[in-house]
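Consider the two complexes below, in which subunit A is the common component and subunit B and subunit C are the respective partners.
This part shows the complex of A and B:
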């Protein structure tokens, strides 16, 4: 707990809240611009449309956002060669887990606020039916879990390489692949870590080329995909932590 | 080597290493090092750049894993299980100071204070010791290099550890800063009962503040003893130049005076005034002119050069 508090203390003036606000603003703006383009049939399926779009928006924005947040937190250790001092007072393994916990809390806060903001937006747009709070809660957990898997990868890179360009390029690549993967078949998406934003989406779309009618439908995430997500997360965590612990400072 | 690695006689040693080695690929950077740092001393760890000083100090702190050998600090082995509890009583400043540039000096020390679990008042005290209390609210990114170095020392001093390990602490300081740092380091054993290990590639620096010296070259400990013993090696001798050194050498040999030729001089052991007078008379009787006769002393720099094979400030 002491280490976790210190992690937040160290991130003073690192403008983490500003980064989160920018992510939130970008996501809301994207959806706000996209919403008026939808036709009446789509708007009739409002909440499903929103969840479908949220998965798309996450796939675009979250990989790079997660990379930036992880980088803001890890870069400070490289800048002033702080690890040489820190590792005489705390084991690198504990430090790694603390940083990951910090990331988990920041992402949980960001994604909770994000879900609340989108729920409010849906209500303001008068989508039919009550606000599906249960689905919002589940979607928040899914977004968070996928983001944590990506965060584990990004933290590993950000701590391994002092030059944060490596981690940030990976984040940009992730955003590109994440959104492109929505066009891939599921078996291929399962191989792409950033593709899980779309893969675990609660709403999907079925477009009929004959009628040119778009039908949204609810779905539950496949258990296999959840298992694969956990395996990816565990892999990134174990490899990242091992490399960090073994690294001599 | 055996002489170099003999143990310094002391009541107790704060650091003892046995056969400490570090290998990177095929290169043995630190080779079978047996350090002994007596309690309450300022131990100067001297060697040219790249000799293995920082690697050794990092091994003491557990930042670099030894390939072989054992370390005991404050009487306890520093294995993975006990490392952090041993290091609670050790302050360190390795290579460059560690800091968070976006935080103030005081905030930086608060992190160390929290992790060390020492009282909050130690922050102020440490800042006062290094004379940074007037700058405690300023972001460290805006500090000069000298101020960062002093902040690094303040972080090392927090909690008044029993042992302080400082790796080239005067790097980047101006002459006044070097003087100030030197005086501070010298005063630590008496003021706070600390033992200080300070590394440097500058012989003059170590000569001014250490009382025990370890000299390392290419990872090997070439000398380890008190500074007094090192000074004892700087023996006096006579340097003689004559109108014919070759003949003079033969004449000296006949008188059983050993000598070596070096840079146009005959190097003789120190002689009494009477013997010296007799010698010059003897040479002139043999039609040799004495051109120069000097009394010389081997400087510490010469000894350092001999031991390390490099100039004293490389």
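This part shows the complex of A and C:
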């Protein structure tokens, strides 16, 4: 607990809130530009469209955002002899878990605000029907879980390499793969960690090549994907932690 | 003086693995673009031109600004690290040359990455079995893309100079690239620096046309303005080495 408090203290002036606000602004802007393009028919299935778009927006913005947040939190340990001092007080394993918890809290806050903002936007755009709170809650949990898996990967990279370019390039690559993952078959997407934003999305699009008609439909995430997500997360966590614990400081 | 600065910068770049990102990352859009082309070959019937549209679809808006952002942030990161600011600012050369040297390398990297993108394009076209002659405009697309990239570099260099951290300017580059795409679709792409590589490379532009004068004007103006801003910042502000 004390360690966690310290993490927040360390990031006091590091403008994490600003980074989160920028992510939110970028996501809202994207959606605000997309919204006027929709016709009445789209608005009728507005909520479904919103969730589909949200999954796409997540896949584009979150990988790099998560990389930035993780990098902001980890790069400060590379300066001076921070790790040398820290590890005289705590075991590296505990420090690693504390940092991960910090990330989990920040991401949870960011994504909750995000979902609330989008629910408000949907209501303001007069989508038909009530706000699907249950779906919003579930969607937030899913985005958070996928982001945490990515965060585990990014934290591992950011702590392993003092040069943050490595982690950032990985984040950019993730954003790119995230977009492309919406276009590729499921089995291929399952192989890349950033594809899970789209894989676990609550709404999907069905494009009929013969009639050229797009249909959106609700669906539940498949159990296989959830299991794979957990496996990916566990793998990144264990590898990242092992590398960090064994690192000479 | 400038020549010496260039030599010094080159030495700083020596043995850095940063080039790896520039070699590896463009390979993926090339592969994916070619796959996409082969998958939709019945709709995309304009051979080399269609392949180019698939290749540049994502690379120009996401990759390039963010990748150039990585390089620019990396260049200033060297100075932000340790006590390098002190030696950087006490070097017996004008601040102008220091800034220009960084810009010149960033622009060179932009050009080299365009050459690599072009090489990948030709290679994947041959592998995909395209028989027709290469589009004669290809060098021009690449050159315009590189010029747009240089403008992005000037902007990114300024932000990386001001923000003493690695990650935020890079994220800024990515968001800028996406905003650039939006600016292009809304019709004011020529006025926005991050749209310039996209416009220069004729991405998402089936007619492959470019208004040369506003493009050149905009690219040169952004490059000049942001370089001047960087120089002004370095002249006016006291550096505080960590």
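FYI, the second predicted complex is superposed on the first by the 246 of 249 C-alpha atoms of A that agree within 3 Å, B and C clash if a C-alpha of one lies under 4 Å from a C-alpha of the other, contacts with A are read in each partner's own complex, and residues count from 1 in each chain.
What we mean here is this: a residue touches a chain if its C-beta (ideal position, glycine included) is under 8 Å from a C-beta of that chain, and two chains touch if they have at least 3 such contacts.
This one's a predicted model, so the numbers in the text were calculated from it and none came from an experiment.
Contacts of A:10 after superposition on the shared chain: subunit B is touched, whereas subunit C is not. In the overlay built on the shared chain, the residue A:180 is in contact with subunit C alone; subunit B does not reach it. In the superposition on chain A, A:87 makes contact with subunit B only, not with subunit C. Of the two partner chains, neither subunit B nor subunit C is touched by A:219. In the superposition on chain A, contact of A:79 is made with both subunit B and subunit C.
In the superposition on chain A, contact of A:172 is made with subunit C only, not with subunit B.
Note: residues 79 of subunit A belong to the subunit B contact set and to the subunit C contact set alike, using the contact criterion stated above.
The residues of subunit B lying in touch with subunit A in their complex are 58, 61-65, 84, 87, 90, 92, 94-103, 107, 110-112, 114-116, 140, 155. Remark: subunit A residues 2-3, 5-6, 9-10, 12-14, 76, 79-91, 248-249 touch subunit B in the complex. Against subunit A, the residues of subunit C that register as touching in their complex are 18, 21, 25, 28-29, 32, 36, 58, 62-63, 66-67, 70, 73-74, 77, 165-168, 170-171, 174-175, 178-179, 182, 186, 242.
Taken together, the subunit A residues at the contact with subunit C in this complex read 15, 19, 22, 26, 29-30, 33, 60-61, 64-65, 67-68, 71-72, 75, 79, 163-165, 167-169, 172-173, 175-177, 179-180, 183.
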